[in-house]
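I have a structure here, written as structure tokens, and I will follow up with some questions on it.
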Amino acid sequence: MRPSGRALDALRAVSLEPGYAKHAEGSCLVKFGDTHVLCTATVEDKPPPFLRNTGLGWATAEYGMLPRATHSRMRREAKNGQSGRTQEIQRLIGRSLRIVVDRPALGERQIVVDCDVLQADGGTRTASITGGYVALYQAAKSVFDSKTVSHLPIDGSVAAISVGVYKGKPVLDLDYDEDSDAETDANFVIKGDGRLVEVQASAEGAAFSEAQLLEMLALAKKGCAELAELQQAAIESLG
Amino acid sequence: MRPSGRALDALRAVSLEPGYAKHAEGSCLVKFGDTHVLCTATVEDKPPPFLRNTGLGWATAEYGMLPRATHSRMRREAKNGQSGRTQEIQRLIGRSLRIVVDRPALGERQIVVDCDVLQADGGTRTASITGGYVALYQAAKSVFDSKTVSHLPIDGSVAAISVGVYKGKPVLDLDYDEDSDAETDANFVIKGDGRLVEVQASAEGAAFSEAQLLEMLALAKKGCAELAELQQAAIESLG
Amino acid sequence: MRPSGRALDALRAVSLEPGYAKHAEGSCLVKFGDTHVLCTATVEDKPPPFLRNTGLGWATAEYGMLPRATHSRMRREAKNGQSGRTQEIQRLIGRSLRIVVDRPALGERQIVVDCDVLQADGGTRTASITGGYVALYQAAKSVFDSKTVSHLPIDGSVAAISVGVYKGKPVLDLDYDEDSDAETDANFVIKGDGRLVEVQASAEGAAFSEAQLLEMLALAKKGCAELAELQQAAIESLG
Amino acid sequence: MRPSGRALDALRAVSLEPGYAKHAEGSCLVKFGDTHVLCTATVEDKPPPFLRNTGLGWATAEYGMLPRATHSRMRREAKNGQSGRTQEIQRLIGRSLRIVVDRPALGERQIVVDCDVLQADGGTRTASITGGYVALYQAAKSVFDSKTVSHLPIDGSVAAISVGVYKGKPVLDLDYDEDSDAETDANFVIKGDGRLVEVQASAEGAAFSEAQLLEMLALAKKGCAELAELQQAAIESLG
Amino acid sequence: MRPSGRALDALRAVSLEPGYAKHAEGSCLVKFGDTHVLCTATVEDKPPPFLRNTGLGWATAEYGMLPRATHSRMRREAKNGQSGRTQEIQRLIGRSLRIVVDRPALGERQIVVDCDVLQADGGTRTASITGGYVALYQAAKSVFDSKTVSHLPIDGSVAAISVGVYKGKPVLDLDYDEDSDAETDANFVIKGDGRLVEVQASAEGAAFSEAQLLEMLALAKKGCAELAELQQAAIESLG
Amino acid sequence: MRPSGRALDALRAVSLEPGYAKHAEGSCLVKFGDTHVLCTATVEDKPPPFLRNTGLGWATAEYGMLPRATHSRMRREAKNGQSGRTQEIQRLIGRSLRIVVDRPALGERQIVVDCDVLQADGGTRTASITGGYVALYQAAKSVFDSKTVSHLPIDGSVAAISVGVYKGKPVLDLDYDEDSDAETDANFVIKGDGRLVEVQASAEGAAFSEAQLLEMLALAKKGCAELAELQQAAIESLG
């Protein structure tokens, strides 16, 4: 029934390549099928202004697309002047990654995770969170390895997946073709222990029922559990 | 237990004053306790560019705050250069109101709903959706009354309410003091028939459980049902 | 002869409601007929950069309009990117209010007066100055009441009114219909003691004579004297 | 008593050099003492959008300063993002010049007068209006000479001068040193026939009296009459 | 003598991967050592405004860097607000590629070549021109293959290389370490037939002699000849 | 053969008027025929941020055009939002002037050279560099005369000239008519001792040969030698 022939609860082929970028403290090239996102994590030795003299660290994210990552060419966006959609996505990525940062352990540092979409085919924000976690982990480990903090400033893992109601049925990890036709579109951000970080469900044409919300949640939990295992393997491969 | 002394499932005092503004096709001054939002609806006789020659109408929203609506003064924002938070809020308002617009019936027109916060005390986006619906309805009725459309281009009603986990317990309609301390923060947009339009739940400090999500949903359904009745009364008062 | 039926030297119904806003140090909702402006005054504990280490205080103003305060919807304006008209108005408001501030007594503080037009029907700048004075007074009094200054840092009162040549005759306090047709348009800012602060007279279509300038000045002095009494009553009502 | 040794009612040395620029349809290098402004007038063959299909023409002005026209270097300003002061000045220049344009005779054309200050020593806006009139006249004459309009689309002349209260006495045509110390600062725009176009008087420190306003007006009329003669001579020199 | 151990006249390892991007009409991932640039070419079916109704086509370029392509993180740049350096680079790329476009054959179309630096190690502009040519060729061929033009709208090939005076000696294809220390820095853009398109040589600290200019030119001709062969092979691999 | 009747190797009439501006530390009105540029040099007592605590000085340039310096009117440009062309020109001027600044001798100061084109007829960037050097010299001398540096912080002189291939022949110092038709366009910046500072040659329509590059270089050396003599005379006239 799905254009790709996938089962209703099947992820696309997912790959995570940590350490992809030469200069960054952490990085991961993440692929959810034809959606490719390069995530890099930069450690800055001072926190954002509102955290000065608090002893707490911070993590934030920026999201961008290469102009021809999509079917038709899009304009470049700077930090000021990003579209509402872009800002909404990067705020979601930032909040989601922050939940696993041990901010007192990190101390007055900031980790900036850049998620740049090289190629888009649906699910760029969920791929960004999932790959961004791996880049964040590597960067946090570099802080720990520099022996300037007492323990690794990461607390658990976090992944994200999209779910939608497509032709009346809940399906996992929508690609672009499905996303364009979905009646309801949802993104779930879930920790490695199964607890929820973000739930965002939107009716696209018609409203949806409580039962549909619960079916989508069940699919998302399955998908994020699989992603958590792939994240763990990627991190272990860093040695 | 709540700073205001309200029951866990109690709304603040809510009032809806339709027809507040002299020049606008629709308007409503909405108050959720000390949160006051002036909603005005403007009918434009041409649709946004992407709908030309489709026969379909559109509704959109802009959200703003007077500089001193809040405890400390904030800078003014123009249409370009709004903060990510502002854009996220007005996109949510716009999507939520669009769900009740009968776009073929409206034809190639656009209704712009401006939600300007005169005073803020938590819940400005949910007050905006709830009052914005009344302004939208009045504007749609003015189109219908001008006898240029075949039937009233509104399909059902929509309201919104915030719910949060505060000191470990789900509470309805958070004011500013509660909102600042909530562990989880959620907004629900629900139609008059009880179906869901938007679910947005975010962990603020720690992740939350599926059970907590369901408790929040139950509270929101109760609150939105009460708001739907107040909306109906306000609309009827317009004659 | 006037569309409203008013006498040539009659003000519209004027009301001043001090203390309208919950969060601001000073506030006043001012109405000149159907022109409604919400003025709020914010006390900032540091002066603008050019006054550091001078011991002097400052007052400034910002002026804005809600998008649908007018017959047709207007775009929102941020602090940067305001139209020339908006900047001219807020510079006039700021200069006019500054004349009554005892800057050495205020010390290195700044009072920012925001004048936001909720509904426009001509004379928004004169209403803003007149109501802005009341908000400024209340804010200055809050500084005095905090016992950090030696005396109330306000020196006299200030009000403003428009005058125009309409169908060949000078008339006081033009509403929108009159303003659109006036041959000459003038704004006078006058202290409570009758001395002049600002005179701005512009020929709209044809030049005007010295005699007409003097007739307009006489009307303005009468109008501002009436406004000064209303301001005094509003201030006394604050207790 | 004046730093320059001038009499209270004496202008600085004024020169008007029409035809200074090679490419422009009209131009004039105007000097009021050490204040030097290059005025150029450009004829555009279409009117601003709001005048399409009205048969009426328009004149407008832009004002700028070279970065080092002043004692300390200033930043460059583009058309968008000009300071409030710059916008106020160019709106005044535009309104003042428009009063002498015969807009039906000009037809659907626009004349843009650029006033660029090469060197500033007080009175740049009054020099701009006075020299701008000469550039405007030359440009209007070029339209007339092209035989596309029935008569010269200029109706009378216009000039401007500053007056101030300096050390308690009204003085004419303030230079920078006087302007910095003046208690009241006024600009008058007056037609060649003596009628008033703009009166702008501002108290700088203390309010001023009606008598002072009248004394300033008398000085301005004398100064503008002298400028009108110089303008006439400059125009005649064009042949 | 060179940090990399290369001979004075040796290029870095160069690779060109055409067809790298799924959505674009043309693409090439180009690597000059650790400098990696993703070039995509987009065919737009209308020309820029200044070419309407001329029958001529156009090619242009945009240049960008991922925020962490460099040693330290840089801010994102939008189309408006790019730094002077970025604009200078993309203007050079655009001019250089345009020289091989047969603009009458292309007709009223525009090809936009985006060059996005994934990783930077010196020479990003020369890699962009060299890889951009391959992407441009593939896009032009897609226009030809669509049978809407009479012949392939490409006339010859173009490549670019940097040369510098490093520790007193001219060296070919500087990497970042050499570039930072070079006394003179030059970029040459050369056609496949050996003729010159652009010469840009800048003294970094001291001026240079005519003899040094000629030595640099000789190295550049050798390097570009090698690049032209690699480009030819890449194009042939497309089939 | 040239529209102006000049010999192939002849400069236009060149004049340099140092000390033209009243307020600036250095200034020069430079004319290359009908191209007129006002160059002013401002001494700032602190260096740009990246040079703090290095003991080194800096020189930089800004380039602008009056709106009607050209055949058709152009928009004003601010420091942010300059076109790519403007930025490229002012970066070239800045680099070229910096080469003659003795940065350790200047100490932590910055000299800003503004080059404002009053009238344009081709070659504005080369006139700017040539006149900018005279303004820079005068400003540097004012620093030396203030006895705060040990020796004059200028090391040699620098001038610039354009050369092009016009109707197949290399010609010196192109005016606007020639520039519009040139097949190749080059700018050379050359020190007083004959060594090269910048070489920028661009094919406009067809590529050019190495022989043509050398012919252009020879012409440029002749032209810059003549300019160097005029610069020397201008500087000596300052006393």
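The chains carry the letters A, B, C, D, E and F, assigned in the order they are written, with residues numbered from 1 in each.
One rule holds for everything that comes next: a residue touches a chain if its C-beta (ideal position, glycine included) is under 8 Å from a C-beta of that chain, and two chains touch if they have at least 3 such contacts.
Source: prediction; values computed, not measured.
Chemist: What's the overlap between the neighbours of chain D and those of chain E?
Modeler: The shared contacts of chain D and chain E, listed by label, come to F.
Chemist: From the C-alpha centres, identify the chain that is farthest from chain C.
Modeler: The most remote chain is E.
Chemist: Among the chains, which has its CA centre at the largest distance from chain B's?
Modeler: It is F.
Chemist: Distance from the CA centroid of chain B to that of chain C, rounded to the nearest Å?
Modeler: 34
Chemist: Centroid of chain B to centroid of chain E, CA atoms only: how many Å?
Modeler: For chain B versus chain E, the centre distance works out to 51 Å.
Chemist: Using Cα averages as centroids, what's the distance between chain E and chain F in whole Å?
Modeler: Computed from C-alpha means, the inter-chain centre distance equals 29 Å.
Chemist: Among all residues of chain A, which ones touch two or more of the remaining chains?
Modeler: In chain A, 80-81 touch at least two other chains.
Chemist: Pick one for the touching-chains graph, please: line, ring, star, complete, other.
Modeler: Contact map by chain: ring.
Chemist: Around the ring, starting with chain D and passing to chain F, what order do all the chains come in?
Modeler: Order of chains in the ring, chain D then chain F onward: D, F, E, A, B, C.
Chemist: Quick one: in the complex, what on chain D touches chain F?
Modeler: Touch residues, chain D against chain F: 21-24, 27, 34, 38, 40, 42, 44, 62, 64, 66-71, 73, 75-81, 112, 114, 116, 118-119, 121.
Chemist: Considering the complex alone, what residue numbers of chain C touch chain D?
Modeler: 80-82, 84-85, 87-88, 90-91, 95, 99, 186, 191, 193, 195-203, 206-210, 213, 217
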